[in-house]
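I've put the structures underneath this note.
In what comes next, chain A is part of two complexes: it sits with chain B in the first one and with chain C in the second one.
And then the complex of A and B:
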């Protein structure tokens, strides 16, 4: 490679090797110490009989320093928002403020038991109430549940309510319309709720084809699930026509709120005809992704759907204190034990407090500004399949590069060498070889410039030496992994090597 | 705004580069009538110090400093300091699902170790990367059993956590999975005769909990025999993971649906927690959720990837095994570190202390009230029946900053004035003695020196 392709963002550094924790284990090492027992010892054999466990198998025995080093070494093999831009489209990888982590660990909140009396749970209830009020104001909806544990469970909850609503009208209806640009969770959720899925084609501008919708809409349709802005980062400009078409035939409009980072403080789904929607607190409201959860997926609804919210809901009682209302005969029931991922409510509310109305609006503006800056910087270098204006994310394709045999995943792997986490690859499905880029508001101009420079440099590399890109990543501790072998003969746990005879 | 890294000059330069005059140009795709022309009505921007103050204030109104005897699916155990030190490393906290394996080996190897330890502890062949919580894990396990067996109904123990049963009812409603409930006997264990009768040709699975909601340990082997004889799978839900240190795991089960909160996860008013599914090798392709697998890179070096993704929603869409996407990775890491800290010997000793404390507490209670279900073994929870309504007892305890047992009337009205009490390694003998004194109506001013009354007046039992 010529020197012009040397990356400015990252360089090589020592990386510690580390085996599996089981490979460090040996009898007699320990990282624990219990206080002396202040009650009589028990005879476990007598108490438990044949139910007594004698052996804990291959559980490790290691010391505390080994544990600290083990997990610290593992952590250094990950990329993270704390290290730099993480432009995964649709995932909204924004800064996770540390005050959120601090307040979630305050004793009293961290140690509150879900079944402690309401009288001594007013603090937690107040947090749930305040967050609910804020989210309702932000979405323009009427009522909300915080119970769903993640976005997909929010979808499930929302569709259960759609179903309960239609049942209350005398007909559960048969199907859910889903645009071809939708997240995979949408059709999977519809199936879970017992609805058939009918695909809805996008038009040449990347939006819901309103004429096609009009043709497909009938009284078998329970709801349309739309993501807005959609997964192309495009705002559905005819959203109100879409809502009208549904409502005329008694259908409901569901909005997947995955992309709310483009709207907060600028537009409210409740104002443009949405009946039910979920939010992802781990996207829009800065709670950490944590390597794949925990999430939190509140569902906000219009008044007509509020009788169907999961139990319990937070209410203000006659004496002015807060409590849980379980007496909701039309409720869809419960979707999770207790009240949801409460720790995430704390973090999301801390984020809203840190921003205020002005900060929330500026955040949205910066997120959209960043995506459009990248779009401008890479237009002409990568194919832009839809010229429709972008909101918070931009979707390119590998059309130009694939002529040299280099696909979106290969470009992504090379981007790792430049010190960036890849964008989302091969999604949405309506774009062949998609590069879906969502920078979020958390990136300074300098980081965006580095990213644009890296992407341009990779495009040049594809022209000069496509094989080099196909072999990427070159600078990681391991090269591309054999995923086929992993799936063909799955090894899903460690086992000790068979001992010699 | 302190989280936003741009100066006004940066913004101006970027707008110029894009070719717009005002930021509003970028929002023009939103029809004008839907653009918000006012400030959101949310609290004003706060300083960090104000945010900390707000939440400290809420914490004070939230049972801070109380001694609790609550369990019932959420358990107070000691959390080793290294857990929070490690999970707050930005590389774990602020990374995404490890789809780009070369850049996420830390998370992937940690998941692989988690899967290994959960498999070891549950006696299953394999485990997934996590589910939302114990309740949804149980519901997903039932749906999995339906796929595996091709049968469509489920038999559920009434001694399964009532909120888990509620969640299952919600999930099953539109999958057309009829549910039958089987009662418990005087031992607190599931009624085996009734179970035998409840299983039919269309029964995909039997779902029990052990230790069950009353803290009673079920005879899993006998239940497995009954289920398997009729071609049904056995799903065992475990809500108190620490029990696995001393209670024989459900090796004869087909699926274990677990809540791992006890392993180093804060009570946190009910979440986030950590569900897990573990099962036998032969069922892996019907399992929901993410799985990390071992493989090699092109130089033969060991590495880990997410695998068997063809089960999942982003590939299979409406034909996926579940709609689950985001799970509980960071919480699973807490669980992972906890299991590593206690390990092979510590987990047993920890479980033994729990058993000793609960045994002591139940023995003390039995001097004044009726401790139900004493003929079967139990772990760290037990049911106390009193003449007085436990809600009245709990009000009295609350005045002494003690949170009493969980009143069972709401879910098990047939038990009368009964409550579920829990003691863990964190429960002290003096707090047990004090709580009992107050519960049975003897004045407690914090001085327990005279707690052994010569003639304790036995509390009348409601049954």
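And then the complex of A and C:
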């Protein structure tokens, strides 16, 4: 174990090498054996003619144990929240409780089909209705769609509704205001919906500059997209004024709900003037992320926007049963096949029920407490560019370490050696050399202490031997990758070695 | 190192010469890091002052390149498609496009080398 300092978190361990499964292939090997044919064989060539495919190309031919070992070995190379802290700021990499998975696998839910008749889908509809009601209670909004498949699609859906609303008022308007601390998806969404993007500068406390907003606000502005708490982990303390400034000129307030983990049970966007917002069930409500997903990005709105919700919406019919309403002439249309990523609705609802209102509030408090524990532990070791109180995440900068030539990316690479997933590097853009750290409520104090210890140890290494940190990681299967060569000369496809003549 | 004085600059970190050759500044390539892809418009494309005409992709980020003045693209530096690292090596020599400037008076509003260097040092101090 190459460390300058002691690490209590990680140690050396045998790790099996593994190539591509295609490289293991040898002709005729198989992981299956069928019983002898007891019906007449069909002549496929006769039936299919030219359509018959004789050569399957490079399909791997391997035995069952080789397949099992292949994927098991690869799985041991992963880092996961189930192995340790995953402090990737802005991503809310919280633990995915096993009760969610248990409920999602209940037979009647797991085997349900979207083409099932409404009358035999009442349970599934009840889950969608109850989750909708819970999310509306949590956000303080009036109506919701569960359809969008993730946060960015939620943003798109939200802004399509903003546009439809303004069109219904006779003027689609021209631009969307976006603070300079925003997630990159916000301007991308605005541009996709056909709006011009106008940048809004943050003030020296890391918040929206209300005076600048007042100066930039006019009747060409369709909406302001704001993240609250913002990407610095700072609560927009003047959010009411921001909402009023927009509403006075007929604009709408869009809230990116990526950081809702800092608000649940404490503050409701609907109460502080938000007109439309998305949630990330895979962040705040503990459903799996990324490859373990899929995601889910419900969009909640105030009454004025509800006619524009995607079709269908879940309604209670005259006879008291639940059903889908497709007759919504002002709707922006469907944004996702069927009703969204239903499996995530089950998991999110399980999480909400398992916690209950007090549990959810405690979760928020613990997320904020954990971020501030790290802030306190590393203050003075790493530069804190904004001293405004932190909510669920804390943003440091590499100002001190960069004097020795070590930047945020290098520190993050070294953190891997200490057994942690890196924090988010170089974001938000308004902080040069940002280290964005979000522990979430999932982490016990012991893990937070190990993290603080690792970060302090890395800072000492930078002072003693900066080159050692610049060359990190040292203990991983592959050391520092050449990202430039990977982008300039990518090898995107494996090809079999030419066979011997 | 001071910027070359034979051309004008924008606050978006592009340079343009009197004959309409456009590139990005050394400060721009330095902040972007290793450039891995440059996307440029075809000859004949009309550019509007202040509007994006292409993108530079580095290992860190994808950034728009803005037209310093309005005009029509006469040529794009196709060599950058296979060798984008030329921009990192010498940003003031590795031109991106050559344009026919629509209104030469638009050049007057651009920054001189000294003003651009001052702007960059102020931006860095912010």
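The definition used in the following text is that the second predicted complex is superposed on the first by the 466 of 501 C-alpha atoms of A that agree within 3 Å, B and C clash if a C-alpha of one lies under 4 Å from a C-alpha of the other, contacts with A are read in each partner's own complex, and residues count from 1 in each chain.
As a convention for this text, a residue touches a chain if its C-beta (ideal position, glycine included) is under 8 Å from a C-beta of that chain, and two chains touch if they have at least 3 such contacts.
Just so you know, these numbers come straight off a predicted model, no measurement behind them.
Contacts of A:483 after superposition on the shared chain: both chain B and chain C are touched. In the superposition on chain A, no contact is made by A:168 with either chain B or chain C.
When both complexes are overlaid on chain A, the residue A:268 reaches chain B alone and has no touch with chain C.
Comparing the two complexes, residues 483, 487 of chain A contact chain B in one case and chain C in the other. Interface residues of chain A facing chain C in the complex, by the touch rule stated above, are 426, 483-484, 487-488.
Of all the residues in chain C, the ones that touch chain A in their complex are 34, 36-37, 57, 59-60, 84-85.
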